[in-house]
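Take a look at the structure set out below.
Note that the chains are named A, B and C in the order they appear, and that numbering of residues resets to 1 at the start of each chain.
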Amino acid sequence: MRPTKLRAMAFVATLAAVPLAACSSSSSSGGSAASHPTLTYWASNQGTSLQDDQQVLAPQIAKFTRETGIKVNVQVIPWTTLLTQITAATVSGKGPDVLNIGNTWSPSLQATGAFVQFTPTVMSQVGGSSRFLTGSLSATGQPGKPPTAVPLYSLAYGLYYNKAQFAAAGISSPPGTWAELIADGKKLTRNGHWGLAIEGGSVSENIHLAFELSQQQGGAFFDTAAKPTFNTPQNVAAVKQMIDFMQADKVTNPADAQYSKGTEALTDFATGKTAMVIWQASAGSLAKLGMNPADIGVAPVPLPSPLPPGGKTITSMVAGINLAVFKDTKNMSAALKFVKFMTSTPEQETLNQTYGSLPTVSAAYSDPAFHTPAVTTFRSILSGSAAPMPGVPQESNFETTVGTAIIHLYADAATGKTVTSAMVAQALSLAQQQLGG
Amino acid sequence: MHEPAWFRWARVIGLTLLGLFALLPVYVMLTSALKPLPDVEGVFRWFPSHLTLSPFVDMWSTIPLGRYLVNSIIVSTTASVASVLIALLAAYAVSRYRFRGRQAFSITVLSTQMFPGILFLLPLFVIFVNLGQVTGLNLYGSRTGLIITYMTFTLPFAIWMLAAYLDTIPRDLDDAAKVDGSGPMGAFIRVVIPAAVPGIVAVLIYAFMTSWSEMLFASVLTNDSTRTLAVGLQGYATQNQVYWNQVMAASLTVSVPIVVGFLLLQRFLVAGMTAGSVK
Amino acid sequence: MVDTIRAEQPVAASAPSPPRSRRRRRELLPYLLLLPAICLELLIHIGPMLAGVGISFLQLTQFYLSNWRAAPFAGTANYAVALNLNGATGQALLHSFTVTVFYTILVLAISWTFGLVAAVLTQRSFRGRGLVRTVFLIPFALPVFASVITWNFMLQQQTGAVNRILLALHLTRGPPFWLIGPNSFYSLVIVAVWRTWPFAFLILTAGMQSIPADLYEAAALDGAGIGAQVRHVTLPLLRPVNRVLLLVLFLWTFNDFTTPFTLFGSAPPTQADIISIHIYENSFVSWNFGTGSAMSVLLLLFLLLVTGVYLAIGQRGERHA
């Protein structure tokens, strides 16, 4: 053979070997030694950093391994990639054994059929459903079907207000009605300082608030047959109310329409630029942003007064994290043991205390850590005035289309266009068309 | 070479304006990296009122930045070098030989640049998983899978660019080397490649940076121990806030070796490899 | 030096071989050289792409995600939805497509021009040239996530650096919005140019290295100034490189996801609704992979058409040259 040809083939062969010779690190996904299986657990980021999550979970996992002999490989996944990874795992059948999911994903994920359904039989293996708060349990799947995951951490929205600024303005207590909030906001809006901060460029923040206000108006975004009903007078009123904070009441900075990173409104509140913000429990973040804890006040989100006909006293959607099990797991009993462990009372007390969220099992609330004013406020919101987002498979489609429509309406208001109810109705109608095709 | 005065002025003004355009965001990143977190989203000041170095310290512990950096270096270097080598072979074939299927190959390879990544992300993942189940070769969650993916992503442009570049190198060079007794591969290695160094360097930089900054596939094809920087940097975004100052600090820090690399490599972007070698 | 024929060393050196098999081996060589590239492309690019095209004919929603082989055949239903200009989805897609075309043309034109100007200005050696070239490549070196987010900070209406500078230079009375409203399109163009032109600069600089210096000398002797030299020496000889560069820049900019997504978040303003984000938000986010694939295939067909026309014009130009 001619030397050049040989050299060419050797060249080619070496190249083929290059990627295989490159160091590869192993991934593991539930290798099962029969007696001591190893579970793979995808934890979501709940703490102040991914490392922080690893450090919080490590002692609890060690405790679990001591009690059951089951090892757990914990991977903390950032929120920006969690849903993509879950999708890839669902499609390929190759994923973790146990994982955290955002509770609003539950109806959509349930429709994929890739997760274990917590029928009464399965539920009994993790301690039974009566242990859980009804509020938390309501956001675990489509209504009428068994939960597709169990609630792990619960969160709710509250109205954060700056006590010091309120006192300085002569306001003695947080607003209980929207009229009061607007009046307070106007008193506090002067000289570049604003009354209410809104994350106007964020799909999730907008849609959550729109949902809550719609509930208060007696509206609904889906009917009982799971068909979309976006363009109703109540929904229009709810969205118009949101835009009016900026354009009519002028208690919200038009610049808030740009706030799309999910952090700016809270930062404005923490740095004292605005006096109020509607946000999920954020004591940890506010501390990191340097806010004086003595200035932090929490109250339920206001209600309209009087309540419109059909309106519900809802001040928050049920936010939180659920714990799910992949149907294809090779370690079903081990996985369920882990679920039982994570929802056991001592674990619920420890983890929720660290993360600043609310336990999903009623027994945990006897722990005095959950008797602070802030936690008590959030707990009463969760049990008394919280509703789950619509439990339909098209839930994420709904969030995207309506949330985006609201973002565009905020942009219109900020850049000088007056947003009328007709425009809101038109936007909602277009959003609904995108669901139907 | 004679340079008219107007050209010298144009050069100073043009390069300064372009330089300012390029560097303004870098300056903003630098000041943000030196601020305490609440100030980052505050009003921009040319010199921040509080200067702090803590982001540069904290950034190593908030996420495993060191591990991500090593992963990125390994993946990007291997993928780019391998890609350029394979592309060189293919580009030589496309540039120097008129074989059947040449047009089809070129167009097909180019068409891959027209497809949005999200669309073949899931099928690719399924392929990797199935390959892993059939051959035991662990491609998902490993650096190998990512390396192979990135090699392939950068191939189309690398091949097209190198072929176009090789087209500008006169065939007389090959013929001259062949007359000296080497076969086509010898001519390629000994004569054509040295003449194509600027093109090779440009494509190498492109391939490296593409692998370095790719986010979508890295998010799915890696796990915690093999995660690269592009995905890992998003770990600074936690549930309720983002450590912007640390993001900026980390980004600037990991870019320093890259910029140093550019500084060293740009020396190869020199003329003179072909001038005078064929009369 | 090399054109003296060395008669003492015959070309066919050691082993004599029959001419026919040698010819066949030489014919095989290009295919052999292409083999690694072809294998990788088939496995990683073409295979999954074809699967993606196949998905466009299915009703692949979250219901069938874990059992995608059972997804019902949708025929051309997904395409009908995407192309129905009377429906909200079709109209929005068309609008997004139009925005993307203008965006791509602007970014391409400006980036290439900046790249060419910078390449010409740095062609002749001067003190600090290496540093200048490196400075220009810095935007290319920075992680996208961080650099584009920095632009988001800079473009904020009240707190951003851009408006501080504009107000200080008295170029505007009230601070304009850059991230929402009509200006958002231009913001996106500027940020995209910022990220793209260094790459054009890199490729053009490399391309210009293969132009022999004596050609410039000859042109200068003929009385050509620098502008004329660029027009008559540089550009014609850069044509093969430019052909590739312009085409891939067009394709990459058209398909760009990261820049608009990082700059605007998941819901870009209508004036800057780039098609890759549009497809992502209107299909994949809602688990509607069938529709998303159909939209992507339509995008692919359009780009193939543009590429085909472009290459055909290029071929004709070369034949006349």
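A few notes on this one:
Methods note: a contact is a pair of C-beta atoms (placed from the backbone, for glycine too) under 8 Å apart; a residue touches a chain by one contact, two chains touch by 3 or more.
These numbers were taken from a predicted model, which means no experiment stands behind them.
If touching chains are joined by edges, the resulting network of the protein chains shown connects every chain directly with every other. Greatest centre-to-centre distance from chain C is found for A, with centres as Cα means. Inter-chain centre distance (chain A to chain C, centres taken as mean C-alpha positions): 36 Å. Centroid to centroid, with C-alpha atoms defining each point, chain B and chain C lie 14 Å apart. Counting partner chains per residue, chain A shows two or more touched chains at residues 2, 5, 8, 12, 15, 87, 91, 93, 261.
Contact of a single residue of chain C with at least two other chains is seen at positions 29, 33, 36, 149, 158-159.
Counting partner chains per residue, chain B shows two or more touched chains at residues 41-42, 86, 89, 121-122, 126, 148, 151, 184, 216, 234. Only residues 36-38, 41-42, 61-64, 74, 78, 81-82, 85-86, 89, 121-122, 125-126, 128-130, 132, 137-138, 140-145, 147-148, 151, 182-186, 216, 219-220, 223-226, 231, 234-243 of chain B touch chain A when the two sit together in their complex. Those residues of chain B that touch chain C in the complex are listed here as 1-4, 7, 10-11, 14-15, 18-19, 21-26, 28-29, 32, 40-44, 86-87, 89-90, 92-94, 97, 99, 102, 105, 107-124, 126-127, 148-149, 151-153, 155-157, 159-161, 164-165, 167-169, 176-181, 184, 195-196, 198-199, 201-202, 205-206, 209, 212-213, 215-216, 229-230, 233-234, 244, 247-248, 250-252, 254-255, 258-259, 262-263, 266-267, 269-279. Chain A makes touch with chain C in their complex at residues 2, 5, 8-9, 12, 15-16, 87, 90-91, 93, 108-109, 111-114, 201-203, 253-255, 257-258, 260-261, 327, 393-394, 396-397, 400, 403-404, 407-408, 410-411, 414-415, 430, 433-434, 437. Listed in rising order, the residues of chain C touching chain B in the complex are 2-3, 5-6, 9, 11, 13, 26-27, 29-31, 33-34, 36-38, 40-41, 43-49, 51-52, 55, 114, 117-118, 121-122, 124, 126, 130-147, 149-151, 153-154, 158-161, 164, 194, 198-199, 202-203, 205-214, 216-217, 220, 225-226, 237, 240-241, 243-245, 247-248, 251-252, 255, 257-258, 276, 279-280, 284, 289, 292-293, 296, 299-300, 303-304, 307, 311. Of all residues in chain A, those touching chain B in their complex are 2-5, 7-8, 11-12, 15, 18-20, 22-27, 29, 44-51, 75-76, 78-81, 84-85, 87-88, 91-94, 261-264, 266-268, 270-271, 280, 282, 284-285, 288-290.
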